[in-house]
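Several structures are given next for inspection.
Shared between the two complexes below is subunit A, which pairs with subunit B and subunit C, respectively.
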Partner chain A sequence: MTTQIGNDLLLALPEIVLALAALSLLLTGTFFGRAKAGSLLWICVVAIAFAALYIVFTFSTREIAFNGLFVVEPFGNFMKLLVLLGAGLAMVLSYDFMQRERMALFEFPVLLLLATLGMVLMVSSNDLISLYMGLELQSLALYVVAAIRRDSLKSSEAGLKYFVLGALSSGMLLYGASMIYGFAGTTSFNGLGQVFTQMSAMGEMPELGLIVGLVFLLAGLCFKISAVPFHMWTPDVYEGAPTAVTAFFAAAPKVAAFALLMRVLLDPFIGLLVQWQQIIVAVSILSMVLGAFAAIGQANIKRLMAYSSIGHVGYALVGLAAGTEDAAVSVMVYLAIYLVMTLGTFACILTMRRDGRLVEGIDDLRGLFSTQPMLAVALSILMFSLAGIPPLAGFIAKLYVFEAAVRAGLYTLTVIGVLSSAVAAFYYLRIVKLMWFDEAGSPLDKKMPREVGLVIATTSLAMVVLVAIPDPLTSGAAAAAASLFGK
Partner chain B sequence: MIVETMVFYLFSAIMIASAVMVISTRNPVHSVLFLILTFFNAAALFMLTGAEFLAMILVVVYVGAVAVLFLFVVMMLDINFVELRQGFMQYLPAGALIGAILLIELAFFSVGHWVSAPDADAQRALAMPAAGQVSNTLALGRVLYTDYAYLFQLAGLILLVAMIGAIVLTLRQRAGVKKQSIADQVSRSRGEAIEIKDVPTGSGV
Partner chain C sequence: MTWPVLSIVTFLPLVGAFLILSIRGEEATVARNARNVALWTSTFTFLLSLFIWFGFERGTADFQFVDEAVWLPELGLVYKLGVDGISMPLVLLSTLLTPICVLASWESVKHRVKEYMIAFLVLETLMVGTFSALDIILFYIFFEAVLIPMFLIIGVWGGPRRVYSAFKFFLYTLAGSLLMLVAVLTIFFYMGTSDIPTLMEQADMPGSMQVWLWLAFFAAFAVKMPMWPVHTWLPDAHVEAPTAGSVILAGVLLKMGGYGFLRFSVPMMPQGTEFFIPLVFFLSVVAVIYTSLVALAQQDMKKLIAYSSVAHMGFVTLGIFVLNQQGIEGAVFQMLSHGVVSAALFLCVGVIYDRLHTREIERYEGLANNMPAYALVFMVFMLASVGLPGTSGFVGEFLVIVGAFQASSWIALLAATGMVLGAAYMLFLYRRIIFGALTKPDLKRLLDMNWRERAIFAPLIALVLWMGIYPASFLAIIGSSVEVLVERYHTALLQTEAPSLLALLGG
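Moving on, here comes the complex of A and B:
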């Protein structure tokens, strides 16, 4: 028989492994200095792989630990797997970048690992306090990583901008949380859920103070997923941060923050569906439209991907707005596919070098097909998938969320979503056109690190394979959604 | 009762006034001093509500450490604050407007009719020991390392990240800096450290 604390620690084993790995890497790093920084990255990847394996084998556990602050259930486990996949792949991508761009600081992998730990912790939070603590651990590590290139003005600016706006959004989130506590008298999700379901069962209108609290909480979370109107930081941070860091930003933290949004809205706040639905619908429409139109004029591919990510968050929010179990499944599938697509695209961006120097212009891709046909094919698949063109995975993802929204009766939202995705297709297809049909300028370097090539190949292949064999993904998402809705 | 209310308004008024002074004085040193005054008044407000531990922590940590550190930074770094403030007046109207709207909104629902859920007070009481039985510090100490050990550890990790971040972003390894190496110092022999010269009388070195 194990004791209570032993059981709790066992439940949090993946998190504990990540934390211990980060601490021991920090010690190793200080001992060996900067020379071995690259190999620390691989140790991080091993720690992440271990945590992911442990989660896979204990996928269907459902327990609450640490005095109700920490929850382990299939929904959290599914999202944690996505987060770990995203973080692990981004770390693999950053190995070569670290070596070549004079970023070989041993603190870099440690900070990435601590950010990943923060994401995993916030996904499994079961209380407003643990939610905030996880979120802050993640954000603080990411602010530093954004500014890690001290000699670059853009990187410092990105870090500072991210930090100031992030601190503001944390303040809003905390303020909202304090109001929610003021109303309900508890910060635990179970307690909040009880209060709100009771209220909606008795047909009571929620108090104004509670709604204001909810709005502040949502504003804080929407900042983290960079949904319009809280998106202002995204293009600048994406462009300013070193490309490997941007790849990290675009994948795992988005998914983790989205998981948090789903957990908060679909679990304790499901009783207030009517109240938050209109907010999510508005945010979703704005994000989709801005993501579609603002990306058209971009010449820098990192900025373009920033707007693209804003748009994709909008599509995922379409599914969330429906607020049903089917919709939750669709959102999870969408996030998984988005994660893979984005990482694949950033892997391609990381290979864009001319004479050994990174280039970021969209025009630099001109005539890529004639010089590097394989890369052009892979990037085209990813672009088609991002645009949502059948029969690729990106299309299936969009289909799922729109279907869920239609079933929930959100017709206007769906129509706007389809139209804006048609507009967005323009800029994705323009990249494809540049690669295949335009005259090549001075060609990009052909040499590409083996692990980056492997990531590009796997992700672009996944876009096709996931359509044919969707099973582990969809069945996992279904189990996860069922646990979120308390079945 | 009336004395307590009067004291509350006295401290609140001084606090708001000094908070305004923090952002409006021209001299940054004065700003920091007003910040310290704000902290003291906030501590007094905590004291009025019976949270003596928080009051002491506020004074010890914020006044004793943070504000003094601010003071050092302000006095030692050569930052032109007048230049930083340029454009302040330009953004003032918009900022003031947003602030006013927010204030009115908050006043709208919080003044007079804040409503809690029916069993909110029972929920709140659940987490607190009966008043008068234990002191604040004891009550906090009982739960901090037991019920909230998880959050305590998390807070530790966050502070660690802050420390790593501060070091990564500011520590520069410059060439040509003379650093102390204790191993080298200890292993020096007499032969390499000093040279003995026989100076003949009357001729100098």
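Moving on, here comes the complex of A and C:
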């Protein structure tokens, strides 16, 4: 038995390292106070890097631990790597922000680390109970982070909104989970999978209660990935939260929630494909269309990125709707590329300062090309990539999801998808236009923290070279998808 | 021959762009170095591309100079380039026009020279890539990526309404080509391969599916071409783009539409093509007559030439869809001829625009008096555009009309009317600018063309006359590919089931 426990603990080593780091930093933080908040942040980054490295070296492990509550396989590892990358980069970006914006609280890095831990746990969950546990650990930490600037009305408002709506969605998810348990008699994903296989073997239709439960579960998860019609919180929270926090929100939690959605729908609930496919198709169309049209009128770049993220979730759902192994690959490739694009964009937004103060208006970018050409080029690459113009990475992402959808025969969905991406191209182009075509107003500050500059450079370069060197990403996603489908 | 000459020609300009990117220093030095690097890179690329011209084996329809490599194995995509008789001359056209564009912008572009030259070199890579891609998805990537540099060229270095025009250009073409993406993915999924030569040979998709696919491809190519009624972005884009931008736009980018029809719509979707022939005929005839009439009424030189481009492209679509040897050969020849002639006409406008900074026809008169060399050059290209025998314009239009006669004499008659109207608006333009008395004082001070400008026009004049006097050297290249295309088209029509209206509406 001891070896069993030892083995289980070893499988969960990345999570354990993150948890221990968070707890010990909480302790040391109270001793040193806010003076050392910056160093604490770097320690968090190191912990995340360690966890990521451990996962890279044990990528192909496939085992189930803790009595079936916890699963380690390439799919989870791939998604965990994305989550850790997103969280780590967002933390790096927030270092300078923290110092300058009176946010040097030691709680901030610790909370981010706890949220990351929650996300990683979520990705590895193999049971409705452990799913909920990871989700709540993540959400509670993020509610606090959104409102971390207590003296700012906007930030507090954002935190409160996020909390109220998030609690509602958790409630729905829990309600759905309890319905599923009631009708299927098990909370474990393996058990659920068996129930559905038996059903289809006997030729029975799934019971209505089970489907209602699934709908509630989906509603809760759609809230977390901010898909329409559960998106209302996104623009307000993106705009209200401090920019470094928004950068964190935009990347890792979305990927983690998506991982959950994929694990639930493609593993145990694949037997109910017909039922959930229509929901996902509808949600996907609504998200793409709303993301495309609502962003056109935005003047605040964070708000614009919120609508853009809603649209991108829609595209990723296009891939998921296909419900095949190709679909899983396409969603993973999409999420990976989206994560990098969006973090690069937020890195650019973080550099937008005038006379030392942050500005967030799209118009503030006017004439950026004449004052800071390199930054303008990088941001333009990211914008074209977000718009999905070849040969940039954003196009490869769209190529994968639309290809999966066409293979599954979802032509209407694909056509709506491409048309809404033509509409969406308009507002990305508008940003390029402001930077290149217009004359500069009062210029933005040129000084940029070194780590932020590095993130901008690597992310925009990655957009360009991915088309030539797609291999580690695409083959990793293929291996991960194969493991999700039990191959 | 084992060295990958086609890949080198495709990506060499990109190397030049990186070199320019790394230039640092004072603004004037940077601008001078950027110009030089761009000129040398594009000239060297052109010289290299001559290897393709001379090494190309005439009398076969096979793809030559094929380069192949694994690219995205998970999706089953490969990197594959190659040219046949239809695409090879278009590749040469792209490599020829780029150094000319660089020379033409030598003095007229004064700010952000470095970025300007990078944009043109990147554009060259993408143009050559579009014409030589032999993987359908690779083609799409090149085809669509052209939008980025062109958007910036119009928007940054264009005229007063550049922002509106750049957006219109970008969004119009993007919406069209995204529908094509769905069709491309469908073909890839249905046929299980993205290899263009294989797809051209098989062409056995069900008839009703071909109709939908054809429409999706049509959306992309008709906008790019552009065909009436989706041509409205072209006059705007031309008027606002800088001279060299117009040259590339008219000279090469418009040819992507015609090339697309020949490479995808006709060989891969023969049933779809057959189904829509009447539609294309109608749109082409309207384009030829209506836009010629519109051109007659223009006050802006660039707008007039832009509308004449739409009319000439109407000939091209007509020639392609009569689907016989003469028609398609004529269409390809017309594309090449128009590529040279319209590019030269925009350069002609650029010459006087650089001097007076207006394109309004009213502002000019009697330039023959103090700019005789210019009057001569302009005359050659004006007559080539009209289609005077002995110039390149004649051969293309003549072949198209001969082809059209075999399909329907009415269509040939209507198309010929367009030629008459074409003569009318071009001669009218020439009379107003070049002839008459020279009374305006600012016009009297204009200097004739300098050496740089003469050097730009010399190769173009030679080419126009060569194509007009001895077209055989071009038709020898185009001929066999067209022959196989027509032959395969007619056999494929017999082998696959025709689309039924019932199936279309039902599915």
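Please note the rule applied: the second predicted complex is superposed on the first by the 484 of 487 C-alpha atoms of A that agree within 3 Å, B and C clash if a C-alpha of one lies under 4 Å from a C-alpha of the other, contacts with A are read in each partner's own complex, and residues count from 1 in each chain.
Here is the rule we use: contacts are C-beta pairs under 8 Å (C-beta built on N, C-alpha and C of every residue); 3 or more make two chains touch, one makes a residue touch a chain.
In this text, all values refer to a predicted model and were calculated from it rather than measured experimentally.
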Report task. Please work out whether A:Thr243 is in contact with subunit B alone, subunit C alone, both, or neither, and reply first, second, both or neither. Result -> neither
Query raised in the report: Touching A:Leu121 in the superposition: subunit B (first), subunit C (second), both, neither?
Result: first
Requested in this report: Once the structures are superposed on A, label A:Trp436 by its partner contacts, choosing first (subunit B), second (subunit C), both or neither.
Outcome: second
**Report entry** Partner chain(s) touched by A:Ser309 [first = subunit B, second = subunit C, both, neither]
**Finding:** neither
**Report entry** Touched partner set for A:Ala141, first subunit B, second subunit C, both or neither
**Finding:** first
Query raised in the report: Between subunit B (first) and subunit C (second), which does A:Ser284 come into contact with in this model arrangement: first, second, both, or neither?
Result: neither
Query raised in the report: Touch check for A:Gly182: first (subunit B), second (subunit C), both, or neither?
Result: first
Query - Touching partner for A:Val418 - first (subunit B), second (subunit C), both, neither - result: second
Query raised in the report: Of all the subunit A residues, which ones make contact with subunit B and with subunit C?
Result: none
**Report entry** For the subunit A and subunit B complex, residues of the former touching the latter
**Finding:** 19, 23, 26, 66-67, 69-70, 105, 107, 110-111, 114, 117-118, 121, 129-130, 133-134, 136-137, 140-141, 143-144, 147-148, 150, 159, 182-186, 191, 195, 199, 207-209, 212
**Report entry** List of subunit B residues in touch with subunit A within their complex
**Finding:** 105-106, 108-110, 114-117, 119-124, 147-151, 154-155, 157-158, 160-162, 164-165, 167-169, 172
Query raised in the report: Okay, in this complex, where on subunit A does subunit C touch?
Result: 329, 373, 384, 389-391, 395, 399-400, 402-403, 406-407, 411, 414-415, 418-419, 421-422, 425-426, 429, 432-433, 436-437, 467, 470, 474-475, 477-478
**Report entry** Complex contacts: residues of subunit C adjacent to subunit A
**Finding:** 71-75, 115, 137, 140-142, 144-145, 147-148, 151-152, 155-156, 162-163, 166-167, 170-171, 174-175, 178-179, 181-182, 185-186, 188-189
